[in-house]
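Here come two complexes built around subunit A, the first alongside subunit B, the second alongside subunit C.
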Partner chain A sequence: MKDKVTFDITRRGFLGTALGGAAALAAGPSFAQANTLNILSHRVHQAVLMPDGGENLLAEWKSAQDAEAAFTTFDSNPLMDRLFREASLGSTDYGVGYMVDNRPTSEIASLFEPLDSYQKDDPIEDFGDIAPGLVQGMTVDGNLIGIPVRHATQGLFYNEALLEEAGISAPPTTLEELVEQAGKLTFTSSAGTPVTGMILASDLAVFPVMFARAYGGDFITKDFELVPSPEAMEKGLDTLRGMFEAGSLPRSYATTKNDDMVTWIQQGRAAFTVLPFARNAQLNNPEQSKYPGKIKATAFPGSSSLPSGTPMAAVTEAWAMVVPKNAGDKQLAWSYIKEVSSKRVTTGMALNGNGPVRVSSYADPALIEKNPVAEVEAEVLATARGAFPPFPEAARAQATMLEEVQLAVIGRKPVKEAVAAIIERVKPLMPS
Partner chain B sequence: MRSGRILVVAGKAVAVAALLTWSLVPIAFVVMSSVKPGQEIFAVPTVYAFEPTLEHYAELWRRWGQFFDGLIDSAIITAGATALAIIASTCAGYVYSRNSSRFLNASVMFLIVVRLIPPIVVTLPLFPLVNIMGLNDTHIVLMVLYATFFVSLGTVLMRTFIDQIPRELDEAAQIDGAGRLTILRRVIVPLAAPGILAVAVFVVVFAWNEFLFAFVFTATKAKTAPLVISEMIGSIDGVDWGILFAASTTQLAPILIFVVLMNRYLVAGLTAGATKG
Partner chain C sequence: MRTRSLAELMPLVAPVHILILSVIVLPSIFVIWLSVTESTYGQAPTWVGLANYARVLADPAFHGALWNTVVIVVFAVHIELAVGLLVALLFASGLLLRRLLLVAVLAPYAVSEVIAVVAWRYLFDPDAGPVTLALQAIGLPILDWSFEPVHAMILIGLLTIWLHLPFTFIILYAARLAIPSDLYEAARIDGATPLQAFRRVTLPLLGPAIVVALLFRYIFAFRIFSEVWLLTGGGPARSTEVVAVYLYQEAFSYNAFGTAAATAWIMVVASLLLAAGYVFLLRRQVTSNA
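What follows is the complex of A and B.
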């Protein structure tokens, strides 16, 4: 031990340090700089605008506005949580947020700037070219609160190599064919891999909704009609139940997640799945997939019992750009939205893997060449709609529905009873 | 008699093996998958013999530069939170150890109660407050929060350690003219070093891995590595498992090394006061 240690703290010194520290803290964090637009988004929204090693699609906007775009990125649900919390504050540093179209209830929409007047004063290029259904999804109580920027529309993916191995020459065109092919494809492949005909996640409403729609039914319509055709919903669940019984759905159906669908199809463990068309590149990525170039996509087929000419409405989910009411420079935010919504940037983002919201983008030769599923995606998008409309109790309604669907599919509850329970339990959650 | 002993030993071996399998298999899977070719990570039948590759680490470096920024942020925040928690816990532990009053005894109970509050309960009300103070997206806010959550446990631990240091040493130092702070620095801290290290282990492990506070209170400037990893489990563009496992291994390595090195202090911390009569 040393002889002498001094450690003097005087009251004045302590007070000075404390005050100095507090002042430094108060002065320290400066978030938004002049001409910096803070954007709250998913990483993919940033990546399609500024791809690694690719053209920065925001370069022109940056130069014209003398501004920088600073992205803060989160995964989908955390992103929504953060966006709504920021918009609830007295003020926020974020000028633009990305919102998914199943979220804007009247209450949430009231946190965001109505964009009609911006569109009137300084319109987006050829606004009518943006899919009207997507625009409708972001119109709440008559106010346009978001400009669509990306969609993810569900398609039927199949492993062409496995189909060939099972002697199937073409993908199904009716739901009945799909069920039959999935049955045939529940086998052990020549590679020694046990194959399940189809894999679907059990925790997403998309799949039972698609099966109900295949028979002309639905879960909740855009006019908030709950299970408009119980018979169609029963048929859809009966089909899923039959597939599970036949082993065409995995035994682990009740615990199957979205990521399992991707890995199973990449590994040749399943022959069919339902995923957004945008997943095509990932499913065929040679670094991850055992079947690069062999995973193809087509429209999810409706039942042959559907009246002729009735389109199968696949499920689509769209993202839109919104401006929090408590944001600072809203004109800068609008200039960004205008730029990102332009034809040039929309097509550029589509070439980088974004689901384009403009109909004209699908006619772009470069996109057709680069994206083999662009054509079928455009066709499906024409009649696609959301899984269900936004309302305050939507999450609980979805969870309730899925609970009953799971019981029906794994045979713990008769299908008829499950559908009746969906109607009975979800009804009180519906908006009045 | 002998066969009975063999059975006991065998039973213990099986129990230890089961425990190790339970704990180590997930870690081994993550580490192995980080050097496995992407196609083979989830292959069925499972591929055990493969040519290791560092490709996922290279991709992690190339595509997820923000992960490494996140590691730096995590390190800064962890270091700050640990220092704060140690200072506060040691001072408080010293006071609790050397003083006694009805108020102090009651406040020990309060410290324990504070630990029972689920973090989410305080997180959301704190958000607007932190925002008003201009501390959002700073390292400081996380340092303070992490330290706050561990000061209670740290204080109780430090009190137990300091209780074991004879009061006569304080008195001897006092006679030599030392003040309270000098006694704390020159006498208590060196002798209670194992306790300080035990507290440090708890805080470091918590702060390095914490997600909820970091998610709520940071955006870009103080974004920690667990937040970046959570983004890799993207629900929109899919998961690149090889990169995710490489990031998880990178995140895990320093803390694993730290905990292994500090293992004996951790045990000392957990058993502190256990033999006190």
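What follows is the complex of A and C.
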């Protein structure tokens, strides 16, 4: 028996093996589908189509098109940046992108394929069922550039267990009640956790806009009117400032981010927050939340000072699927959009936590049974609208407004001066 | 020895030149061109001359960001240098468990900046952070960084020192180990006290290493981004914003590529000015002391 193992390889042997292997791979069966559709999206858009351990809603499309959907996912702002950069190139590998509805200005819209002709030649199933307001939001200069796929409508979430502990039997129906209850709920819970009445992120326009709307005001209307009622904006910011001074908003308000809101509510560190209704499942997830089944949602209330019957316009944000003009196989992209927009997939995504863009989805018994907030979400959606309309300097306008709001809420600037500064600084940024 | 002609040498050096041209020179020229145009997505660049530079230099938010950057650079880099020097001398003087301690000192450099900031954010959480609770328990004031801009700047400074101390330390430690021990022996025979040996032997011979460490850290620190962006996002109300965050916002939040490119070039010039002045003074001092 040889006690030494040798491994001799000659140049000829190496080249022969390499060539033979390459030839076998080339002649063998295909390991991938014939087509790949590259998609740029947020992780959540992929997750509602292909949930872990759940039904793959794209299975039929994949089989029919002999195609694979390859997702590249980013957080919202980096996603928009990557999508616009891809669409600005000579060509892109991405066939479909997901765009949020406050971004398509005329310049941005010019980078994407008008979809009217696709819809005319090969229509989406019952297109009229998709909320007309959302379709309108993706129609720029008369061209339909995106098909709505998801909405995130803001609701008021509350921890029912903490409310009960504080002797509160029902969630607030007016803004004044909300402020009062948030004050009562700024306490140390029986679990020994210091509770803050409400948690809000300070880097999103949603929250000051909701408080301004609660008093009948707004930041920028869909007709591009800037702060139509300064008094209402002042009342909204006064309310936020009062809550901050009372401790009902955390001292860390100015550095609080969206993720903090989710964590604080799940951990019982805050009693109220404002988040999209679609977050309901996550907030009540037993693996993450200390209060599974106890985090409930209702409509964000308006002020009692408003005339009776005045609807509260909550903030909603919609996402749409777009096709870059420089994409390759646009027919494959359209087939994907058609499939994802179908009634079956829309309802399927809704069951996985997506905000459905079809009105009919809310009547689906399975959705009603599985999603306890579906009914209230549908009611809120009826009067909801975007935080502000798209225009070239919208992001800068939002940042400017948030800077002044932060100064006002944490007491570094009088509210009246902050509102005046918002008007003065944002005015030059408005479209002419 | 045979002298080679330029034509013979070109193929040997060309790859380096091509690499430098393609990854440094051409992108830099592109950024210069971008800085004199107004451009965003879906809009062809239009020539605006130096308007972007004027706009950035006149923006109060940029002034604030530049001031914050200079404060962090000046304080953090010097404190880092002092601590790095102290630790290097401590190690060179002989320590128990030196290898283990060396790993501990170098560990922050192996940690991702993002993970480091998340960890510090948790540790210093103003309501429930372990460090905050510990400080409260022993009656010391806490770092109220989510509300007080000065506290936020202190935390950012501490974090950046912790993250980059290994860089300064390793340069100074290597330089200290390279100093021949017979110089210290001669100093001791001549009756020098430890402090005199440090002033007359260690410091002059460490001079070049200190200059290198300072120069690199000045340039790196001027680009500080992750620590600020992930900890405070530049808030409250832009009070802790630094120049790199300002640039990021211009480019990726507002998609204003012209002003972003102008900011980038202003950053380059400002950091070189800041570093060049200091390095010149230090070099002169080291030369005169040597």
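Heads up, the rule we're going with is that the second predicted complex is superposed on the first by the 398 of 432 C-alpha atoms of A that agree within 3 Å, B and C clash if a C-alpha of one lies under 4 Å from a C-alpha of the other, contacts with A are read in each partner's own complex, and residues count from 1 in each chain.
Just so it is clear, a contact is a pair of C-beta atoms (placed from the backbone, for glycine too) under 8 Å apart; a residue touches a chain by one contact, two chains touch by 3 or more.
Computed from a prediction, not measured in an experiment: that's the story for all the values here.
K.L.:
Which partner does A:L240 contact after superposing on A: first (subunit B), second (subunit C), both, neither?
P.N.:
neither
K.L.:
If we overlay the two complexes on their shared chain A, which of subunit B and subunit C does A:V44 touch? Say first, second, both or neither.
P.N.:
A:V44 contacts subunit B only, not subunit C.
K.L.:
Given the touch rule stated above, what does A:G192 touch, subunit B (first), subunit C (second), both, or neither?
P.N.:
In the superposition, A:G192 touches subunit B alone.
K.L.:
Touch test for A:D52: subunit B only (first), subunit C only (second), both, or neither?
P.N.:
A:D52: touches subunit B, not subunit C.
K.L.:
For A:A87, using the defined touch cut-off, is the partner it touches subunit B, subunit C, both, or neither? Pick first, second, both or neither.
P.N.:
In the superposed model, A:A87 contacts subunit C only, not subunit B.
K.L.:
Looking at the overlay, does A:S289 come into contact with subunit B only (first), subunit C only (second), both, or neither?
P.N.:
first
K.L.:
Which partner does A:R412 contact after superposing on A: first (subunit B), second (subunit C), both, neither?
P.N.:
The answer is second: A:R412 touches subunit C but not subunit B.
K.L.:
Between subunit B (first) and subunit C (second), which, if any, makes contact with A:A297: first, second, both or neither?
P.N.:
In the superposed model, A:A297 contacts neither subunit B nor subunit C.
K.L.:
Now for A:E107: first (subunit B), second (subunit C), both, or neither, which partner does it touch?
P.N.:
In the superposition, A:E107 touches subunit C alone.
K.L.:
Considering each complex separately, which residues of subunit A are in contact with subunit B in the first and with subunit C in the second?
P.N.:
77-78, 85, 194, 269
K.L.:
Which residues of subunit C touch subunit A in the complex?
P.N.:
Interface residues on subunit C, with respect to subunit A: 40-43, 125-128, 144-147, 152, 231-233, 235-238, 249, 252-256.
K.L.:
Which residues of subunit A touch subunit B in the complex?
P.N.:
Residues of subunit A touching subunit B: 1, 5, 7, 9, 25-26, 28-29, 31, 42-44, 47, 52, 70, 72-78, 82, 85, 89-90, 152, 192-194, 258-259, 262-263, 266-267, 269, 278-279, 282, 285, 287-290, 353.
K.L.:
Using the touch definition from the top, list the residues of subunit A that touch subunit C in their complex.
P.N.:
77-78, 81, 84-85, 87-88, 105-111, 194, 202-203, 250-257, 269, 392-393, 395-396, 399, 403-404, 406-407, 410, 412
K.L.:
Can you list the residues on subunit B that touch subunit A in the complex?
P.N.:
37-39, 42-45, 62-63, 124, 127-128, 131, 133-138, 140, 181-182, 185-186, 215, 219-221, 227, 230-231, 233-242
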